[in-house]
Structures are given as structure tokens and as C-alpha cells.
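The data blocks that follow each hold one structure.
Each of the next two complexes has chain A plus one more chain, namely chain B in the first and chain C in the second.
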Partner chain A sequence: MFPELNSILDSTPDSYKSSDFILVSDRRADASFLIHHHLSFYLRAGCKVCFLGLVQSFSHYSAVGQRLGVSLAQAREKGQLVFLEGLKDSIGAILQEDTSQETQPLSYLRSPGPRLEGLFRFVERSVRQSGDGDANESWGPPVLLIDDLSVLLSFGVSVGAILDFTLYCQATMCSELQGNMVILVRCEEEDADDEEGLNLLQRGLVHQCNLALHVEGLPTGYCRDIHGQMEVWWRQRGETMYNQRKIFHFKVHDKGASFFARGTSSAVL
Partner chain B sequence: MVFHSQERLQPINKTQRVTPGHLTLSETTQSTPVGAGGGLAVGTLLLVEEDRYDSYSRMLLKYFLAEGVVCGHELFLASARDHPDEIMQELPSPIVDDVAGMKISEGQSQPSDPENPDTMKIAWRYQNQPRVQTALASSVRFGHYYDVSKTMEPELRQAAKCHSFYQLQETPVTTESSPLPSPYHALLKSIQTVIRKEGFDGSTPQSKVRNVLRLGLHSLGSVLWGDDVCCKDNPAHCHALTTFLYALRGLLRTSLSVAIVTVPSHLIQVEEFGNRAVMGRIIRLSDTAIALESFRGSEKEANPLYKDYHGLLHVRQLPRLNCLSCEVPDTKDLAFKLKRKQFTIEHIFTELLSSALLVLTITAGEQQE
Partner chain C sequence: MCCRERKLEDSYSFKVTSFQVINALNPSKPFYSGECVHYMCRCFQILGEDVHVLGFESPETQVCAGLDSSCVQKLHFHEGFPDPLGWKCTSSFTVDQFTSQHITQLIKDTQYAKASVLVVDSLSLVLRHHDPVVICQRLQELRKGGVIKTVIGLLHSDLHQQGVVGIVGHLASTVISVAPANNERHGVAKTTRRTKSGKVMQEEEYFSVSEDATLSVQAKLRQPGHVQKEQDVSEADPTSNLTFNLRLSEEERKAKEKVALPFVFSQEKKSALLRPTPGTGRIMYEPDANDDFDEEDPDDDLDV
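Up next is the complex of A and B:
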């Protein structure tokens, strides 16, 4: 996890807000480093994590996790981490070879008029399940991480179906089980006068979430030393009277990421 | 593919561990996109957006396959327009000379040329028997040069094991409940069969030296693949190509293979609402994505700024493999030129600036008259 991001979001593995829906999005940039942050964050916090890894292999997250100080393999063995490896399991579903129960979560790849019910059932089972082994092993509140939800649009799943799915997940994870959700969606380029809206999914999710982290390239163009800007948006909650919004620049390293206020990068100063 | 421990590593034909955790193939030298780490990582997908006449993208595909022949890798070539055998017959001939090779040292990063910042050449030398150490011996270099004016000797070409898939000769299979239309479904099935049968997914015994499968898929998305994403405003199959690429990447990740896919993206009408998101999705479903823009037939051909080049190379996406960050290039202003023995990619920023001033001066002079 990234200590600087923890201080920006005012949370640590020992103390963080629960029942939170965090939306991570990007446009012309890659916000997946934030998913790695949250994955290591919640594993360190001792939460039961359900990770839908739809676009990368388990070994990719595992390799990055090692650099961030968490072992995904161990967490999976202990039952703390439930991982759905979308890429690997998709072939069987697409070529219709495997119609067993195990590929039900991927039913969005199979049936005409793809649906996400199977995926939701998988999530629900994973977070409600108690550990198989040690009866004394009890984990913290459950957390759902999805990387990345917008890939479902590539299979013809409708925006409405995806928003329904996230609503079901939010009701179960956040309201019922007091857990958290972190979802990554990737956005398209939009023209300023675009009325029809390419990014309906992202807009719908911003409406549902509590905290939105949006990553973009710099408006001034490509820069080697500053990888982009991240906008943090907090929904009004508790004592705050209004929604808060802040913008930071960031640079991603091999073992983390640094965040700084705009104009304070070491490349500039 | 990730190999967690050195001891369990089996030798894999003509690959190299550049960073811990992934293998890279030599990507015939000069055609490697900047920042791709000096090669294509095994298990990844390179997307090439074709130039208008598919001349340079086809050249890249041929380089990729030729390098596979020379390295002894297995090939899989799929095409819907030209027969795969025709493409194989056009492969360029490798240049075999006795120029001193480099001693390969592992674990070093991609070299750049600090003495000559204006031209950034991605040039790799490789020789089977390292003989003489030169000043650049500390670099990690592997790959071959090719002479595009000659075709590869048939004996050399036929020594390589090549599987081909020619769409026009395949019998259509009804796939009612599959998310993929018949040609893509058949292609995916064929790739999976080759991977399984030849053991690229690890099913062969460990003692054998494992090999790599290079896949070249030509012009996916064109109408000859039964896809209408390139010819309709509201294609019925707008999810076919994206679903196919997703499944392909899944196959690549779980086997010792690497794929290059060319797509005629200039045919996808992005003005139409239904298509606007497609290209972005196709790029995100790949690992590395580049686009070739040829100057031929465009107004840029006459532009003095570009007189030394054949086209622009746009880096759309760089891969993030087993790490948080990816290789960040110094600049994204890249142009390419194809010479007889070299396909070079250079950054053009410095030249542009000085040439731009020259152009402005000329224009001002003309207007005064």
C-alpha cells in the first residue's frame, strides 16, 4: 500500500471507514496501481477479500503484492483471499467446453443476453463463507475488489445490468455486512459536447459511490516524471457540509507511488 | 508466465529473462516498440493498428514470423485474405555475417545511446557464439537483421514448424449460443488445440527443452473474418472482436506463446456512436498497442518535416507485467523508416523543432511577395 495515499484518504489498515464504496476510474491512463494499493491495504487490515481479477492473471497481482509486502498465495491458502481468475477461466466458457458449476460466475460469457447473476452469487458465497480450516480464524469485515468492471462491456453486457450488479453488491457488502467495495472502471474519450454519453457506467457508479478516485493524464501533455493526476472526490458524509474534491499529481515507482500537490513535483522544483 | 524460482527454470528456446518474473522474446531488433523492454514478453499480446495500405504492418508481421523461424520457435499464422503460405513465402531473408557479437549479460536494462540523443535506434545484435567483446558488450542484446529485398530460403523456412489457419478454407460451424461468431470461434479453437497438442501450456514432460509459439493474426476485424465492425455504423458483432481478444489473451497468459494481431482500425468509423468505444476497448484488451501511420498517399508525404521517414509510430499502450509501473519512454514522438536492411524507429522531436522554424521562415517569405 502507499503511505502517502493513506494520509490523503485519512485511513490506515488499523482504522478505516467501513461500508465504503470506492470507485477508481481512469481515462487515457492506468489506474490499476490503485487497485494494488487497496488489495494490499485490506489484506494487511485482516479483512476477508473477494477479488474479481478479470483482466490480469493471479501471478501478476501476486508479483506486485510481493513488492508491496503482502503474499497473495498465502492469503489465498489461509482462506483470507478468494480470487476469481477471469482470464484463465474464460476460455472454457467462451468455447462452451465447461458447463460445470465452477464456471457459473462467468455466465456473462456464455448465455445470449449475458447476465451477471452468477457472478453476484459467487461474490455472495465468497464473503459469507466462513474459513474451512481453523475455526478460530476469523477475518475482519469483507471487502470486494473488482479489476476491472468495464471489461464486461466488451462482452456485450449492458450498462444497466452492470449497475444492477453493483447495486446488489453494495446492498450486500456495504449495507448488510458493513464491508467495503473498490471497483475499477476505465473510461472512454468524450468530446466536450457529447450529449449521448459514452461513459454511462462511470457516471452511474459515481452516483452510487462514497469516494471516487479518478486518474487522468496531465492536461498539458505527456511527461516522463509525472505520470498523471488523480482527482479525489468525497461524498458529503457526517460532519462535512459539502462534497470535497482535491487534485494530486502522482508518479508510480516499482514499489509504490508518490503523490504530491500540483506543481510540487521534484521535476519542476 | 511467471517463474518463481531459478532452480525450477527449464531452458526455453531463445528467450531471455530481462527482469525477474518474465521472459522476453527477441523481437527482430529494430521493430520493437520503444519502452517495451527490448522484446515481447512471453504470454502477451501486441496489437498493431494497420497503416492504410497494410504495407508496414504486414512488414512487422513478417519480421515477427521470420524471427520465429530463425530462433526455431513454432509459428501459427492466421489470415483471411492472403493464404498463410503466401505470407510465409514473403518472409525476409536473415543477414548472416561475421560481425562481432556481444556477450549477453543477464539482468541489465534496455540500452539507450547517450552520445547521440537525436536518434534513438532500437538495434540489437545477437550471435549464437559470442566471440569478440566490443565497447557495447555490457548491453543486453538479442535479435537478428533482415534483408527485405530478398526472401528467406525455402529450406530455412520449411525447417520451422508452422500451423496455419486460412479463414476462407474453414468450414463454418454453427455456434448459436457462443458469444463469438463462427470464424473467431473456429480460430480460437484452433489456437487452443495447437497449444494443447504441442504442449505449450506445460503438458509436456519437464525434461524437454520447451519452445515458444509465435502467433500472427492478420487483419482481425475486417469483413473477411465475418466481422462487421469495420464496415457498419451499428455492427451486429461489435463485441465479437473484443471477446475474441479477451479469450486470446487468456490463452496466451497460460501458455508459452506470444501473439501479434493486426487490425485495420482506420476502417472503424469512429464518428458513429456505436463504434467510438470499440477501438479504446480493443487497445485495453491488448498488452502492447502501437499504430502505424504511413505517409504514403497523405499530405504529410510532401511535408519537409518528414522527408527522411516513411511514417509515424504511435505508442498507444505499454504493458504492465508483474509490476506496478511500466517502462516510460522519453518521448512519444516516434517515426519509422524502412530501409533494405533495417526497420528503424527514431524519435523526431529535435528535428521537428529545427525544421519547424525553417518552414515558418519560408512561409513568411512567400506571403510578403
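Up next is the complex of A and C:
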């Protein structure tokens, strides 16, 4: 986890805001480092984590997690982490003979009018079950992490179906169980006829979320010392009744990332 | 800049069998749409109206936050929220039940039949699952049904095609579009109101909603950047705190203004050129002994 990001978001593994829906999005940049941050953050906070890894394998997250100081394999064994390996399980889901799979998590790959009800039920089961009969281990509030949601559009799932899925997840995770959700989506360049696209999905999710982190490259071009800018947008929180927006620059290192206010990069000062 | 608490009577003035749509604009900064719904509920309750809320996108706690108990009694929340599509079979009202018959029945069942206010949170979810034309028909049926006096719908206009937003807006007698202003503390609301006589009135105002759902409205001013002025820092005087003097006294300023600039073609110079002046620029030629000035051959180059 990144200490500077914790101070920007005003949260630590010991005290963080619950019932939060955090949306991570990027445009022509890679915001997956924020997913790694949140994964290590919530594992350290002792939460029960359900991770839908749709674009990378478990070993990839495990390797990055090692560098950030958390062991995913151990967390999975203890029952703290439930990991859906989208890549590995997809082949099995497609080649399955049995077609009565409405409730299977990857049923959207097969069913003609893909709904994500199966995936939602998987998420619900994962976060509701207690740690495998081990009465000593009681985890904190549940957390759902998804990397990344926009890949479902490539499978033919409509934007409306994905927004329904996230609405249900939010209702269960945030409202009912007082847990958190972190979802990564990718955007693309603004398109004139963009009715069923990534940007529509991102707009729909921004309406639902509490906190949006948007990562982009620098508007002025490539820089060796600054990898991009991150825009943080808070829906009104606490006493403030207005929404807040701040922009930071960041640089990703081998074992973390550093964040700083615009114009204060070490290359400049 | 004038700031006035919007009178509840003002907002209630467009009530009779009306249908209002609150559009939330600006895709990257969704804004205040929930608070507008919240404020509307409070308005109608304070006026003693029965408000029915079809909540598909927000929980009851969020909509009712900040309202006092007397208001809450007249607020009937039909929970679609945790299960708006019926996946878990736990909700009392799903999106599929958004028909005029169902809604009318729902209202009649709740209390003795009295024309009430219906708030839909949100129409975007309903339009995602049903054909827009069908939904418009149903809204029209509700409006004419008699059980409902006013329908207020929340629409996220950046999630639909322009045509869909257009037809729903056309059906409404009032459309309020909210968007964030330059200053993040306020929003801009553009209200288009159509009266029964056919007259269309448009207004644009800055507003902000406080925690207890009070709306403060400021009339919109001519220059769009005005709201930002309060953030400008007063400029420092550069001629102060120097070791040399950069200022001018009165005489010095007057003398400076009197100086004629060299390359400016002023009126004096123009008239000076036009006036014939004696004794300037004449050529004086006095031929000496070697000069043989021949009238017929002044250049002395003819072979004569």
C-alpha cells in the first residue's frame, strides 16, 4: 500500500471509511497500481476480500503483493481472500457440457442474453460465508475488488447489465454489509457516437460511486519523472455538502508509488 | 450578488398535474441530483402533501436523511433499492412493476385515496429496462389518472441518447437541468417551465443545498466568471518597498503626457508639411569657369 495515497485519501488500515464505493478509472494510462494498493490495504486492515481477477492471473497479483508486503497465497489459505481467476476458469466455463448454469459466476460467457446475476451470486456467497468453520478467525467488513470491469463489454455484456450488477453489489456490500467496493474500469478517447462504450460505463459508475480516482497521462506529454496525473473526486463527505476535486501527480516505483502536488516533483524542485 | 431562501410557495407554484424532470448533466461530475430529490421531498411534505418515492437507486436512509419526523410520516418509501430487478425476490417494488396500474394500486393501498406526489429515483434505471416510448405512455397515463397530482423524475442525461432525454423532457411541463458551476460549492440550475397557456419561461440560477435540505438560490449574474471573484487574491503593489523611486508626482505626470512622440503622425506635423516654408531644402548652384552650360545639350553628351 502507498502511504502517501493513504494520507491523500485520509485513511489507514486501522481507520478507513466504510460503505465506500471507490471507482478507479484510466484513460490511455494504467491504473492497476491503485488496485494493488487497495488489495494490500484491505488485507492489512483484516477485511474479508473478494477479488474478481478477470484480466490477470493469481500469480501476477501475488508477485506484486510480495513487493508490497502482503502474501496473497497465505491470505487465500486462511480464508481471508476469495479469488476468482477469470482467465483460468473461462475455458472451463465455455467448454462445459451442462448448460443450466444461470448461477455460475462466468455464465455470462455462455448465456444468450448475458446477465451478471451468476457473478453477483458468487460475490454474495463469498462475502457472506464465514471463514471455513474456523471460529477464531473473524474478519472485518467485506471488500469487493474488481480488475477490470470494462473487459465484460468485450464479452457482449451490455452496459445496462453491468450497471445493474454494480448496483446490486453496492446494495449488498456497501448498504447492507457496511463493506467497501473498489472497481477498475478503462475509458477511451471521447467518441462522437459512443452509446454503448467504455465511456458510457464509466459515466454510469461515477453516478453510483462515492470516490473516483481517475488516472491519465500528463496533458503536456511524456515525462520521465512524472508518470501521470491522478484526479481525486469525493462526493460530499462529512460536513461539506459539496463535492471536492483535487489533482495530484504520481510516479510509480518498484515497490510503491509516490504522489505529490502538481509542480512539486523532484525533477522540478 | 443577492441570495434568497427559495420560498416553498415558489417551488410549489408549478404543481397542478405537472410532471417535472430533474436532469443531471455533466458526465464527469455527477452532481446534486440526489440532493434535489431530497429537497423536493421536503418541500412537498412541509406543504402537507403525501409523497410516494419509488426508490430504485438509493436506500431510504439516504433520501430521508435530515428530514424531521413529522415529514417522514407523510413520506411513503417503496423500497426497490436493494433488489430493483427482483433477483433476490426481496423487494416490494421492482422495475417491471413500473406500470400505471401497479403504481396506482400501490398508492391506493398505502392510504386513503388522495392525490399525491410521486417521486421516481431514478427514471434512468427504468429507461434502461424498458422501451422509452412505453415509459412515456405510462407516465402520461399516470398523469391523467387522477390519483397522482405531480410526478417528479430524476434522469441522468449523460447515460442516455439525446433522443431519449428529449422525449422525456418534452413530456414534462418543467425540466430542471443541474450541473456543477465553476465554483464547486454551487451548482447551476436551468429551469424551463411550460405553462398551460403555452408560454415557456426559462431561468438560470446558482444554488447550493445544505445538510438539512435547505436550498439557497442566488440569481444568475451577467458575467459568468463572477462567482469566482471571491477567490481572487488582491494584487500587490509592485512600486512599494523599493530602494529607488518609481512613482510620479503630479507635475511629472503632466509633463510626461505632454511629450510628443517622435514617430506619431500627429495633426501638427501634418499641417507643418502642408504649409510652404521658406528657406528649407533649396539647391544653390553656381557654375564656375569650366562649366559650359549649353542649353541645347545640357548633359554634354551629344555628338554635335
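Assume the second predicted complex is superposed on the first by the 251 of 269 C-alpha atoms of A that agree within 3 Å, B and C clash if a C-alpha of one lies under 4 Å from a C-alpha of the other, contacts with A are read in each partner's own complex, and residues count from 1 in each chain.
Keep this in mind: a contact is a pair of C-beta atoms (placed from the backbone, for glycine too) under 8 Å apart; a residue touches a chain by one contact, two chains touch by 3 or more.
Just so you know, these numbers come straight off a predicted model, no measurement behind them.
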Check your understanding: Given the touch rule stated above, what does A:Leu163 touch, chain B (first), chain C (second), both, or neither?
Key -> second
Review point. Taking the superposition as given, does A:Ser175 touch the first partner, chain B, the second, chain C, both, or neither?
Key: second
Exercise for review: Applying the touch criterion given at the start, work out whether A:Ile8 contacts chain B, chain C, both or neither, answering first, second, both or neither.
Suggested key: neither
Check your understanding: Who does A:Arg245 touch here: chain B (first), chain C (second), both, or neither?
Key -> second
Revision key, fill the gap. Residue overlap on chain A between the chain B interface and the chain C interface none
**Study point:** Residues of chain B defined as touching chain A within the complex
**Key:** 1-2, 21, 175, 177-180, 185, 188-189, 192, 238-239, 242-243, 246-247, 249-251, 253-254, 273, 276-277, 280-281, 284-285, 320-325, 328-332
Study note, to complete from the structure: Contacts from chain A onto chain B in the complex sit at residues 30, 32-33, 36, 57, 59-60, 62-64, 67, 86-91, 94-96, 109-112, 114, 151, 153-156, 186, 188-189, 196, 198, 222, 224, 227, 252-257
**Study point:** Complex contact set, residues of chain A against chain C
**Key:** 117, 120, 160, 163-164, 167-168, 171-172, 175-176, 195, 199-200, 203-204, 206-208, 214, 233, 239, 241-245
Exercise for review: Over in the complex, which chain C residues touch chain A? Could you list them?
Suggested key: 24, 27-31, 33, 35, 57, 59, 81-85, 87, 125, 128-129, 156, 158-159, 161, 180, 184-186, 208-211
